[in-house]
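I've put the structures underneath this note.
What follows is a pair of complexes built around chain A, which joins chain B in one and chain C in the other.
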Partner chain A sequence: MNALMAEHGAYDVARIRGDFPILGERVYGKPLTYLDNGASAQKPRAVIDAIRNAYETEYANVHRGVHYLSQRATDAMESARQKVRDFLNAREDHEIIFVRGATEGINLVAASWGRANLKPGDEILLTTMEHHSNIVPWQMIRDQTGAVIKVAPIDDDGALVMEELARLIGPRTRMVAVTHVSNALGTVVPIADIIRRAHAVGAKVLIDGCQAVPHIPVDVQALDCDFYVFSGHKLYGPSGIGVLYGKAALLEAMPPYQGGGEMIETVTFQKTTYAGLPFKFEAGTPHIVGAVGLGAAIEYLGSLGLPRIAAHEHELLAYATERLAALNAIRIVGRAPEKAAILSFTLDGVHPHDIGTILDREGIAVRTGHHCAQPVMDRFDLPATVRASFGLYNTREEVDRLVAGLARVQEIFRS
Partner chain B sequence: MELRDLYQDVILDHSKHPRNFGTLGPPAFEARGNNPLCGDRVTVYLTLDGDRVADVRFEAKGCAISVASASMMTELIKGRPLEEVRALFSRFHAAVTAKNAPDAANLEALDGLAALIGVRDFPTRVKCATLAWHAMSSALDGSGTTVKTE
Partner chain C sequence: MTDSASIQDEIRRIVDEFAIFDDWMGRYEYLVDIGRALPALAEARRQDSHRVPGCQSKVWFHARREGERIVYEADSDALIVKGLIALLLRVYSGRRPEDILATPTDFLAEIDLGSHLTGSRANGLHAMIRRIKAYAAAFAADRAAAAVDPAALA
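Let's look at the complex of A and B:
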């Protein structure tokens, strides 16, 4: 921590909040307390300005025009690709495929890699804590190929049961698709260990990094993971843009996902030959300015330093966990030893939906529901939880407001 | 609009002590309602006596608004002619989804449901208040299918 501080100076959260125009908004006359970062993060001025600048000064379609603006827009988009590559420490720029979001990235791999590689009886291994977007695409390809889905369980704390996972990885395992951080519980999954075990039997691994990349530095080469996906909007960038990282050799061997412009080399009615990476997987005009905005978000995070952000959020999570645990009738759902920035809980006698409405009137934004992770809710026999998820701009005062809001909930429901 | 207008005592009371909670066996009509967004689930059971609701029960896992609305509904429709039940549902549905607040005459026509009108100012909660009613209506139509509000 001291070395970090020396490099960047102290983590000045008040100054950082000034980078996010929306944090000055008031909700029902109260200051906005935004604790729904796991659903989507707010945008710093650097991202908003980059988007405006792209539209105002360097916008045209990419990769085809010979004219000045087309070249500028192409350069801007490809420079964003390099930033993503650096961010993930990928070996090559063309291993970075721009997609709409993590959902599209997973669907792309399930459909393209899955159709080419899965045979009846082949196994896809998931975990209980996957987001629906890392379940449903695999069910779709299972139904098309006759593959089988296996599910590694979690324990009462919401940690992955590694012995069970190890037992489930076997000679028929072809794909292990697992989240890096659980969106409903905050559990950090030991993906390096999982990747080693999967590779030992020749299986490929896809990591859903949506909830991880805003908090944990990722090095896809050190991890040796085959596919890694994340969404831009959870990383303080725009929605509608996301990233699929894949090892070049795997991506090259995979058939295209969608057909159209940009992804071709030559087209006749008899035969089409496809473009090389990354364009083979980027049919149609991409979200050009979205990519530019994502690049700006990555640069912004770099300026703060991800390890410092992680340290700040870790401190907030510990503080919030301690304060909530001290409240009567609160049950924290997900107490894995390693967690990131997410605090899921229930309150005896009050449905999460009612808690969400009452907190909302206090200006506090939390998520209530099943968090697109119904198997997790079933595992804990809950219909829903309240989820507070922290971002780089949240403060201890905001945790105090959450605690005061919960006291208000209890007051209303006690009457 | 204050929170107290939404969480009135009568609503909290029904949510904590739901009336007519339970099931009815065959030949009762039965229909489920799901709100996939928040996980609210309600099942409504009812039997008919000619063109009247003879008995009605419900089971629910849900928020205070959806449970209270279901409970209040069962009290209101038990023993009532189907025609009145359908008319009450359409008045209630119109009132909670209308742009303008209901006037005194409309409130009067809502019987005991006026307490639920507060959801109008909480648009994300309107579907909680109407879930059981949609399920009841589907049970009456005999379609017995699962209703979703989203």
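Let's look at the complex of A and C:
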């Protein structure tokens, strides 16, 4: 921590908030308290400026124009790809595939890798705490190939039961697709251990990194994971852009996912040959400016330092957990030993939707519902929870506002 | 007094009841009280087959004919939504289909609970309003068809 501070200076959250124009907004006349970062994070001026600058000064279609602007746009997009490669410490630029978001990344792997590799009886291993986007694509390919889905359970704290997971990894396991951090519970999953176990039986591993990349430095080479996906909009970047990392050898062996322009080498009506990586998987005109914005977001995070961000958020999570635990009738859902900055809870006798509605009137944005993770809700026998998820710009005062808001809720719903 | 006049009276009463409160918290507390006072739907009707698809809270809905009128019953597991349901039932339940179809839901905006609450697709209210109207339209069409059906005349 001290070395970090020496390198970057103290973590000045007030100054950092100034980088995010939307945080100055008021909701129902109250200051915005944005605690829904797990759903989508707000954008710093650096990202907004990069998007505007791209459209104003270096916009054209990429990868094929001979003219000046096309080259500028291509350079900007490919420079973003390099930033993503550095961010994940991938070996090669062309291991970074730009997609619309994690959902598309998982669908791509399930459809392309899955169709080429899965046979009847082959097993896909998931966990109870997967987001629907890491369940449904696998069910779709299961139904097409005759593969089987197995599910590793979680315990009452929301931690993965590693002995069960180890037992479920067997000779028929072909793919282990797990989240790095649970979006509904905040649980940090020991993915390095899972990857080792999966590789020991020859299975491939896909990591859903949506909730992890804003908090945890990721090194795909050190992890040795086969695929890693994340969405730009949760990383303070634009919506509509995301990343699929895949090991080059795997991606090269996979058939294309979508056909179209950009992804071909030659086309005749008899036969088409495909472009090399990464273009084989980027059919059509890509989200050029989205990629540029994502690159700017990664640069911005780098300027703050991800470990410092993580330390700040960890402190907020601990403070919020302590303050909420002290309230009557609050039940915190998800108490795994290692958590990212996500706090899911219920309040006895009040529906989460009602809680969210009252907090909203106080200017506090939280997520309520099943968080697109219905199996998690079923595991805890809950219809829904309230989820406060913290980002790099949140403060202790905002936690205090949340606690005061919950007191309001209790006041309104006292029977 | 005609039926449509009594619908307008009910709407006026609702708007007046909420006008007493000068802050949002009072209005919400009152809405929660209204929700609590609405009897729960019988267990047999709190089933998935009676669910109105809504993302966040559950809403159950049932309609039946009583002579020329339609009686609606509904329930929710979230109290604020249930309060809003109770208001809808006061206005629309036990009315004639043509009066139901002729009455817009603007009054919800008038009581100032936050436009996005009453306009939100997330709470199932939207879907329930659509069903109230659809049921009334179907009943009206059915009756019109029955009126010219020779079998019905015989």
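Things worth noting here:
One rule holds in what follows: the second predicted complex is superposed on the first by the 414 of 415 C-alpha atoms of A that agree within 3 Å, B and C clash if a C-alpha of one lies under 4 Å from a C-alpha of the other, contacts with A are read in each partner's own complex, and residues count from 1 in each chain.
To be clear about the criterion, a contact is a pair of C-beta atoms (placed from the backbone, for glycine too) under 8 Å apart; a residue touches a chain by one contact, two chains touch by 3 or more.
From a predicted model like this one, the values you see are computed outputs, not experimental measurements.
Clashing of chain B with chain C is the outcome of superposition onto chain A. In the overlay built on the shared chain, the residue A:Met377 is in contact with chain B alone; chain C does not reach it. In the superposition on chain A, A:His351 contacts both chain B and chain C. In the superposed pair of complexes, A:Ile412 makes contact with chain B and with chain C alike. When the two complexes are overlaid on their common chain A, residue A:Pro21 makes contact with neither chain B nor chain C. In the superposition on the C-alpha atoms of chain A, the part of chain A touched by chain B in one complex and by chain C in the other spans residues 350-354, 357-358, 361, 368-369, 383-384, 412-413, 415. Contacts from chain B toward chain A in the complex involve residues 3-4, 6-7, 9, 12, 16, 37-41, 61-65, 122, 124-125, 128. For chain A in complex with chain C, the touching residues are 28, 350-354, 356-358, 360-361, 368-369, 383-384, 408, 411-413, 415.
For chain C in complex with chain A, the residues that touch the partner chain are 24-25, 28-29, 32, 36, 55-58, 77-81, 114, 117, 122-123.
Considering their complex, residues 349-354, 357-358, 361, 368-370, 377, 383-384, 412-413, 415 of chain A touch chain B.
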